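Chain IDs A, B and C follow the sequence of writing; residue 1 opens each chain.
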Amino acid sequence: MAVVETRNLTKVFKQGELGAVNDVSLATEEGEFLVFLGPSGSGKTTLLRMIAGLETPTSGEILIGGQLVNHLSPRERRIAMVFQSYALYPHLTVYKNIAFPLKAQNVPKDQHDTKVQWAAGLLGIGRLLERKPRELSGGERQRVALARAIVREPAVFLLDEPLSNLDAKLRASAREELEQFQARVGTTTIYVTHDQVEAMAMGDRVVVMDKGRVRQIGTPAEVYDEPADTFVATFLGSPPMNLVSAGGTITGFRPEHFLPALAVAIPDSVPMRLAFSHEEYLGAERILYGALADGPHAGAKVVSRIASTHAGVFAKDRTYDFAVEKRHLKLFDEATGIRRR
Amino acid sequence: MSAGAKREERWLAPAMFLPAVLYILALVGIPLVLAVLYAFSDARIGSAGLHFVGLENFRSILQSPGFHKAIRNSIVFTLSAQVIVIVCSNILATALEEPFRGRGLVRFLILLPWVAPVSLGTIGWKWILDSIYSVITWVLVALHVYKPYSTPMWLGEPHLAMASVVLVHCWRLIPFSTVIMLAGRSAIPKEIPEAAAIDGAGFWRTLFQIKIPMMTPILSVAVLFGIIFTFTDMTVVYILTAGGPFDSTQTLPSLAFATGIAGSDLAAGAAISLFLVPVLVAVAYLMLRVAHRSEVA
Amino acid sequence: MERGGLRRIGARALHVSVLGFFVVALGFPFFWMLIAAFKQNIDLYTVENNPFLFNLPPTFEHIRFLFAETRFLRWLGNTALVGVLVVAITLVLAVPAAYALARLAGRWGERLGIAIFLTYLIPPTLLFIPLSRVVALVGLQDSIFSVVLVYPSMTIPFSIWLLMGFFKSIPKELEDAAMVDGLTRFGAFFRMVVPISVSGILTVVIFSFTLVTQEFVYALTFISPERNQMIGVGIPIYLVRGDVYYWGSLMAACLIASLPIAVVYNLFLDRFIAGFTVGSVK
C-alpha cells in the first residue's frame, strides 16, 4: 500500500509547445480508487505514464509511498499497470504471463506457483492457465491482465482505460467486478478513462482534466453537483449542464433540474419560460429541446430532462412554464469560466 | 523513461546499432572510396604501388570502342528487358490475382527463375541455347522453319546473342516483378474496385483508371529494382556469352570484370564500374521519393 | 444469358492459356535440366533424336559422376558453412541495430534506416575491384572466409530494413508492460521482443542464407582454387573442363542445388517482398 503524490508535474513533448501535462499537483489517499477523467488529449494518460516511469517529466516530482521516484526506472517503482490493449505477451501461456513479473523481478522460483494460483483464483481464471492470449475472449484477457498486475502485490495499480476494448454489455459487468476487486485487495489504484459513467461509478474521487491541467478533484457527487468551472460542468452529465449567460455571469443548471413548473416545489424556485422545439424519447426519460422565451437569457438554447412517466404533451413552437429550484442554479464568471457560487 | 532509464537508453541505442553501421561503412563505404581512388590511379593486380594519373584512365576508356559498345548494350538490355518485364508481369499478376485450385503450385513454378540461384538458371539456358543441341533449334527444324545444319547459333551471332541475354534477364525478372505487382494489388482495398463496378466501370476501365494509377508507387518500386538488377548484373552475360561474340554483349559490369580482374588492370576496371554510379544515384533518389510519398500518405 | 455463358468460358480459356504459357516459359529450363540429368550421353548428343523423349533408357551415370568425380559435395559443404557463418554475423549485428533504429532513435532512426537500406542498392559489380584488394590485404584471398567477411555487408542492410518493419508492428505497450513488470529496456528487447519476433528473425535467416547461395560476382572474384569454390560459381565455371561441357552432370548439379533453395525462398517470399516494397504497400 502506498500513497502516490505529484508535485508541480509538467511534461512538454516539443519545446515551445503547450505542455501535455501542466503543473499537476495531486495526492491519492491510502487504498483509494482515484480516477483521471478527461477528453482525449487532456494529458491523463501522459500523467499516468509519468507515474509509471514510462515517460520522463520535464519538471516536477513524483512520490510513491513518500519516496521520490523520479530517478527510478519503471521496474523499481513497485507498481503494476494494466494497459488499454492489455499488452498480454502473445508467445506465453496465461500461466507464464502471470508468472512473468515474478521471473523478471527474480522472486524465488518456489513461490511462483503459489502466487500464480492465488492471483488466478482471485480472478477466476484457473481453467485458462494453459491457453495462449489469442485463444481468450476480451473479458478473459482483461482478467489475465489484472492477475498479472496483482501477482507481485504492487504498492500501486495503474490502469489505462482497461475497459475500452470490451463491448458495451461486458463493460458494465467488468466495471462492477473491477470495483469489487479493488475494494477487496485495497491497493491504491489510479484509473484513467474518458468515460464519465466509469469515473462516477468507480472512483472514490475523480480528477477532471483538460488540456494538461487539473480542473477539479472531488468525489463523484462533488464534481457533478458542484462543478468548479464551466468545463467540468459541461464535460460531466449527458446531456450537459445548461449554460446561459448575461451581464458577465454564466448561469448553469442541469437538465434534470429544469422541469415543468408544476413539478418544482414552488417556494424557492426561479420560473422560466421554454419555447419548445422538439423532443427525444429515450425509454426511461424524455429529453426536451427548446430556447428560453423571455427574461435576460431570452433565446438561449436549453435542454430539459424529464422522466418518461411525466404525462405532459408539448407542441412545437408553443411556450410552456418551467422552473429551476434556486439551490440548483450554479453561477460562473463569464470571462474565466470559474465558479462563483 | 525515468531519468535513470533515460540515461541507459542514451548509450543503449548507439551501442545497439553502431556495430552494424561500422561493418557496413567498412565494407561498403571504404571500398566505394577506394573505387574512386583506383579510377584515378594506375593500380594493377600484383603491384602494390599506387600512382595518381589524373583522368588518364577515363580518357583511354572513353576512347575505346569497347566501352561505347558496353554502355550502349547496358542501356539497351536494361530498357528492353524492363518494358517486356512490366507488360508480362502485369498480365501474369492479373491471371494470378483470383484464387484458383493449384494456385500455390503454379506460383512456385512461376517463381522458380527468381528463387533459384541466377548462375545455375543461366547455365540451364546455356544448354537450351547450345549451338548444336539446342532444343529450340530442334523444334524449329521439326517445324521446317530451318533446314538441318543451317541453323542459327543463338549465342554465336551478335544480334541473336543480345536477344538471348535480354530473354534470360526477362525470364529471371518477370517472377520478381509479378509478386511485387501482386502485393500492390492486394493492398488495394476490395471496396474500391467494387465501387468502380457499381459506378459502371468495366474490366479495362477498372484496370487502367483505378488499379494501375493506385499501383503507381509499387510499380515504380518494381521498375527501380528491375533496373538495378539488370543494369548492374554481370552473372547472366558472363555465363551465357562472356561478353561475346566479338564483345557484342559486353556490358559495363562484365567489361569492368574483364578489364579489372581478368585483365589485371584494376584502375581501368574501377573507372568503368564508376559509370554505374549515375544510374544508381538516380534510382536511389527515386526510391526515396517513393518511400517518402508512402510515408506522408 | 447464352452470351454471358460463352463469355465466361472464353475468359476462363484465356486465363488458363495465359497461366499455361507462363508456367511453361518460366519453368522450362528446370524441366530441361531434369531431362538432361538422366539422359545417356549418346542420346543427349545425337541431333536427330527427339530431345523430349528418352530414346535410350535413363541413366544415373551423370549423378554418379557428379558426386564421385567432381568437388560438387565439397562446394555444397563450403556454401553451407559460409551460409551458417554469414547468418550468424547478420543476426548478431542486424537484430539489435534494427531494434535501436525502430524504437530508440526516434525520427532520425527512421532516416538512418532508409540510408542503410539504400546501401543494399549498391551492387557487387561496383565494389568487387576495390574489395578484391581489401580481401588480399587482410590475407583472405582464395579462402572461403573472404566471402564470409564480405557477404554480411549485403545481408545486413536489407535485414535491418526487414526487421525494422517487423519491430514497428509490435505494440509498444508490450515493452512498456515488460518494463513495468521488471525488465530493463535491453531486457525487454532481449526477453520479450526477440522471442515474439521469431518469424521475422527466421525471415532474415532465410534471406541471408539464400543470398549466400545465389551470389556470384564476389565468389568468382575472390576465390580461385577449385576446392574452395561456392556452389554458384563451382557449377557453371569449374564443372566445365576446358571447352568440354559435361551437360548431363551440369544439369543434374543445377537442379540438385537450386531446388531446395527455391523451395525455402518461396516459403518466405511474401515477407521479402514486404521489405522490397519500401513501405509503399501498407
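In this section, a residue touches a chain if its C-beta (ideal position, glycine included) is under 8 Å from a C-beta of that chain, and two chains touch if they have at least 3 such contacts.
Computed from a prediction, not measured in an experiment: that's the story for all the values here.
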item: Chain pair bearing the highest count of C-beta contacts; value: B-C
item: Chain centroid nearest the full-protein CA centroid; value: C
item: Cα-centroid distance, subunit B relative to subunit C, in whole angstrom; value: 15
item: Whole-Å gap separating subunit A and subunit B, where each centre is the average of the chain's CA atoms; value: 59
item: Subunit A and subunit C: spacing of chain centres that average the CA atoms, whole Å; value: 55
item: Multi-partner residues of subunit A (at least 2 other chains); value: 53-54, 73-74
item: Overlap residues in subunit B, where contacts from two or more other chains coincide; value: 1, 5, 8
item: Residues of subunit C engaged with two or more neighbouring chains; value: 179, 184
item: Subunit C to subunit A touching residues, read off their complex; value: 171, 173-174, 176-184, 187, 191-192, 195-196, 198
item: Subunit B partner contacts - residues on subunit C that touch it in the complex; value: 15, 18-19, 22-23, 25-30, 32-33, 36, 44-45, 47, 50-52, 93-94, 96-97, 99-101, 104-105, 109, 112, 114, 116, 118-119, 121-134, 149-150, 152-153, 156-157, 160, 179, 184-186, 210, 213-214, 216-217, 220-221, 231-233, 235-236, 245, 247, 250-251, 253-254, 257-259, 261-263, 265-266, 269-270, 273-274, 276-282
item: Sites on subunit A touched by subunit C in the complex; value: 49, 52-54, 73-75, 79-81, 83-85, 87, 89-91, 100-101, 103-106, 148, 152, 158
item: Contacting residues of subunit B [partner subunit C, same complex]; value: 1, 5, 8-9, 12-14, 16-17, 19-21, 23-24, 26-28, 30-32, 34-35, 38, 43, 45, 88, 91-92, 95-96, 106-113, 115-125, 127-128, 130, 132-133, 135, 138, 148, 171, 174-175, 179-180, 183-184, 186-187, 217-218, 221, 225, 228, 232-235, 238-239, 252-253, 256-257, 260-261, 266, 269-270, 273-274, 276-277, 280, 283-284, 287-288, 290-291, 293-295
